[in-house]
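What follows is one structure encoded as C-alpha cells, with my remarks underneath.
Chains: A, B and C, in written order; residue numbering restarts at 1 for each.
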C-alpha cells in the first residue's frame, strides 16, 4: 500500500472491512447468546446443552471485538461494493426450485408438487438473470437441454427418489404407462425442443466468452 | 442430429408400449416406503428384506426412501401427511409408534389415531451386554453389583430416543439402578467404547451386538425375550437369569397414512404376510436374530392393539425418568 | 509373510473374476459420476442401488458398493478443483490450491496429480490393510472420548495453520464453525438449541448444505462481480498432465499424505476427515516458501488428495475387522452386508475369507480402474472450463439444488443453500475465508460430544485429558503447532510496530 493511500484514509476508521467484520461477529455472538439463554448450563461433570454454545459465543464475540478494535487502530482493507442483482436472482432461483420440486404449502399458499421438470428450468432461467448479460433464449435452451439429462440421470439411471413430473400429468396419460416410460418420453421431447431452438439460434452466436477474472495478486 | 433424435423418440415410444402391459388396479406405480432412519440400520434392513418380497407379490417396486431425523419422527410425520392412496407407506417401530408421544411433546401425529396399520414385520430382541472384563459374570451378579456400586457404573446408549436409550431406561427402572448415562451418536461408536473398556454396559438390539458377543469382544448377560435366540443359544433369557418384568424387543411394522382404503390395506397386508411366510425371507430375518410375528400378530387389528399397549407401556417409564426431547 | 501372499492370492482370485471386475468397474464409474455432481453423495446413491445388488452374490455386491465409495472420493476432487465446490468434508482442502491451479490454467495438472497421487495412496493403503489390518484394529480401541477430544483440538489447530490471511480472522471462523455445529438437538438431553423452533433444524445443519452454500453459491455470487468477456481462443487451457517437474515437486507430498491419511483413516468416528487437513498443514509447514500455498501450490493438492484416498480405504479396517462402521458410508456397508446375510463382525475374516480378501484385492483393482477412467477424462473436464460463465453458473446452481434435494428429500435443505450462500458472500466481503469455518463445523460435533462424554466419564475432572498419555501427547502437538503458527505473526506484528 502506498504512502499516499494510507494517509488518505486516516480518519476514525482505518479499516472499514475489519470494523464491519468485527461488528458482524459481535452480532452473531449476541444472537447465539440470546438463543441459548434459557438452556441449562450444567456443570463440568454433566455439561448442559447451553454450556459449550455459550462459551463459543463469547469466543466469537471476543474475536469480533478484537477485529472491530483493529479496524479502528490498524490500517487495512476497506469494504468493497455490494452486488444486489446477483444475490437476489440466485436466492430467488434456489427458492423457486425448493417450492416447486415437491408439494409445498405456506399458510394460504399451496403449490402442488411439480417435480424436476419444472423446478430445474426455473432454477436455471431465474438464476441466469443474476448476471446483466443474461439472455432468455440461450438460458431456455440450456434449461431444456440440461433438465432431461438430469431427469434421466437421477430419476432413471441412479433411481433416486426425486419427483420428476407432476402427478397430475401422469393421471392425464393412459394409466398403463409406467413412470419411467413417461420420464423418458418427456426427456426426449425436451431434448428435441432444445435442439430445435439451438439450431434456429445458431446464426446469432457470437465468438465471445466471459470468464472469471483472475484475482490480482496472482 | 435430428435423425438421431427421431430414432431416439421412436425407441422410447417402443419402451412405453412395452412397459404398458399387464397391470391391474392398485398398485399401478412404484410404492414409496418411508424408513425414518438412515440406510443400513436394523429397521432399514428389515424394511428392505420384507419390501423386496412384497414387491414381487404386488407387481410393483417398493422403493425405500430414508427420511431420517428426530428419532424417526421426521419421516413418520411426513409420511403420515401423504396422500392416503397406498403409494406412500412407512416402516414404523417401537420408538416412532410407542415411545415418541412421551419423548416429543410437540409430536405432530398420534400413533394410535393417525395411521392405517398394515401389519407387524419383524422384531429384534434386546440384549443386556457388558464389557468383557466387567466384575459380574451373570445377570444376578450384575444386578447385585449395581446395588452397591451403581453410581460408579457407566451405561452407554445410542442417543436420546434410540432403541438402546429407551430400553436402557426401562432396564434401569426394572432393576432400580441409576448408572451414569453416556450418550453416543449411534450404536457403532457406543460399541466401540464398550469394547475399548471405556463404558461398562448397554442394552441393544441383537443385530448390532451378536457378532461382538460371538467374537468374544463383549459379554452378554441375558436376552429380553421369552425364549432363547437360535443365533445366540448360550445366552439365557431374562426370566431364566432371574429377572422378571424385563421382556422387550424392538418391533418394526408397516403403516399407511390414515384414510387409506381397507382394500389397499388388505392388499398390502396380504403381501406382507406372504413375505413373512416365504422361506428365503424368513431365513434372512432369522439370520439377523430377528423374531417373526406369529400368525395372530400379523393382522392390522393386532398391530393397532400393539401400538396402543406400547404407548401405554412406554409413557410412564420415560416420563418417570424425566426424559424428553423437544 | 507367506500367509499374506496366500491370502492376497485368494483375494485376487475372487476379485479378478470377470463378473467382479465388471462390478468393480460399474461401481467406480457410478461413483465418479456422483462424486463429480455437486451434492449427490455416495450415501444416497448406495442406498438407492442396494436393491439392485439383491440379485448379486455378496462379494460382488460389496465390491460394487465399495467402488462407488472410493469413486465418489475421486470424483469429488474433480468438482473441488474445477468449480470450487467441495462435495465432501474431505475435499474442502483440495479447493484451496486445486481451484487456484485451475484458475491459472493448470486444471489438467491438478486433476492429473490428484488421480495419480490417489492411485499411489490406494496401492499403499491396500497393502497396509492386507498386512496390518488386524493388529491396527487395536488402535481404534485405544481411542476413547478423551483421546478423541484432544485429536479434534489438534485438528482445529490445523485450521489456523491452513489460513492464508489474518490469524485472528481464521480463529473467528473456527469458533463460528464450531458454534454452527452445535445447532440442533442436544445429544445428551435431547433439548433443541438455536433452532428458532424450526423443525428442519432439529437435526442440525447438514455438512453438504453448509458447504454448498458457503463454497458453491457464495463462489457464484463472488464470480458474478468478477466476470469479463473474452475471446474464446485466448482462453488458455494449459498442459493436460503433470510433467516431470511437477512429479518431483509433488512426489514427497504424496508419500507423506498417504501415510498420514492411512493412519487417521483407521480411527473410529470418522478420523479420516482429518487426513487431508493434517497433510495440508504439514506440507505448508515444511515448505520452503509457505506463501505459495493457497495460490496454486501443487503440493497442496497432491498431499491432501493422497491422504484423502488412503483414509477412505483404511476406514474399511474397523468395518472389516471389528464390524464397527467409522462413518455413515461404512454404516451403510454394514447394512448392505446384513442384507446379504453376512453380519459384519470380528468373525468375517475367518468365516468369509473370500469376502474379506476379495474386497481388499478389489480395492487395488478399483484404484487402477479409477486411474484408467479418470486420466482420459481430464481433457474433457478441462474443456468444461471453456463453457461461458453466464451459462455455466445456472447449470451449477441447478445441479447443486438437485444434489442437495437428493440427500434428505427436504426442500428446506435447498433453501438453506441460498441462506448459507448469502452468509458466505457476506463473509467473503468481510475478508473471511470459508475453509476454517467448514473445518470447525466438521470437527465441532465430534469435539463437543467427546468433551462431554470424557467429562461425564471422569465425573467432571479436566485432568483426564492430561492423565491419559495419548490424549496428553495429542494436546502437546496441538500446542506446539499453535505456537509455530502464531510466532511468525507475533514477530511480524512487533516488526511493524517498530517500523512505525
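Assume a residue touches a chain if its C-beta (ideal position, glycine included) is under 8 Å from a C-beta of that chain, and two chains touch if they have at least 3 such contacts.
Chain identities (UniProt): B = Tripartite tricarboxylate transporter substrate binding protein BugD; C = Tripartite tricarboxylate transporter permease.
Please read these numbers as outputs of a predicted model, since none were measured by experiment.
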item: Which of A-B and A-C has more C-beta pairs touching across its chains; value: A-C
item: Most centrally placed chain - per-chain CA mean versus overall CA mean; value: C
item: Mean-CA-position distance for chain C and chain B (Å); value: 31
item: Cα-centroid distance, chain A relative to chain B, in whole angstrom; value: 37
item: Between chain C and chain A, distance of the C-alpha-averaged centres to the nearest whole Å; value: 22
item: Multi-chain contact residues (two or more partners), chain B; value: 65
item: Chain C residues counted as touching two or more neighbouring chains; value: 186, 188-189, 191, 409, 456, 459
item: Chain A, residues touching no fewer than two other chains; value: 159, 161
item: Of all residues in chain C, those that touch chain A in their complex; value: 30, 33-34, 40, 44-45, 48-49, 52, 100, 103-104, 168-169, 171-172, 175-176, 178-179, 182, 186, 188-189, 191, 193-194, 196, 217, 220-221, 223-232, 235, 295-296, 386, 388-391, 393-395, 397-399, 401-402, 405-406, 409, 411-412, 414-415, 417-418, 421-422, 425-426, 429-432, 448, 451-452, 455-456, 458-462
item: Residues of chain A that touch chain B when the two form their complex; value: 159, 161, 170, 174-182, 184-185, 188-189, 191-192, 195, 199
item: Touching residues (chain side chain B, partner chain A) in the complex; value: 1-2, 5, 8-9, 12-13, 15-16, 19-21, 23, 28-30, 32, 63, 65
item: Complex contact set, residues of chain C against chain B; value: 43, 46-47, 50-51, 54, 140-145, 185-192, 199, 202-203, 268-269, 318, 322-326, 328, 331-336, 338-339, 341, 343-347, 408-410, 445, 449, 453, 456-457, 459
item: Complex contact set, residues of chain A against chain C; value: 17-18, 20-21, 24-25, 28, 32, 35-36, 39-40, 43-50, 52-53, 56-57, 59-60, 63-64, 66-67, 70, 77, 79-80, 82-83, 85-87, 90-91, 93-95, 97-99, 101-102, 104, 116, 119-120, 123-125, 127-128, 130-131, 133-134, 138-139, 142-143, 146-147, 150, 153-154, 158-162, 207-215, 217-218
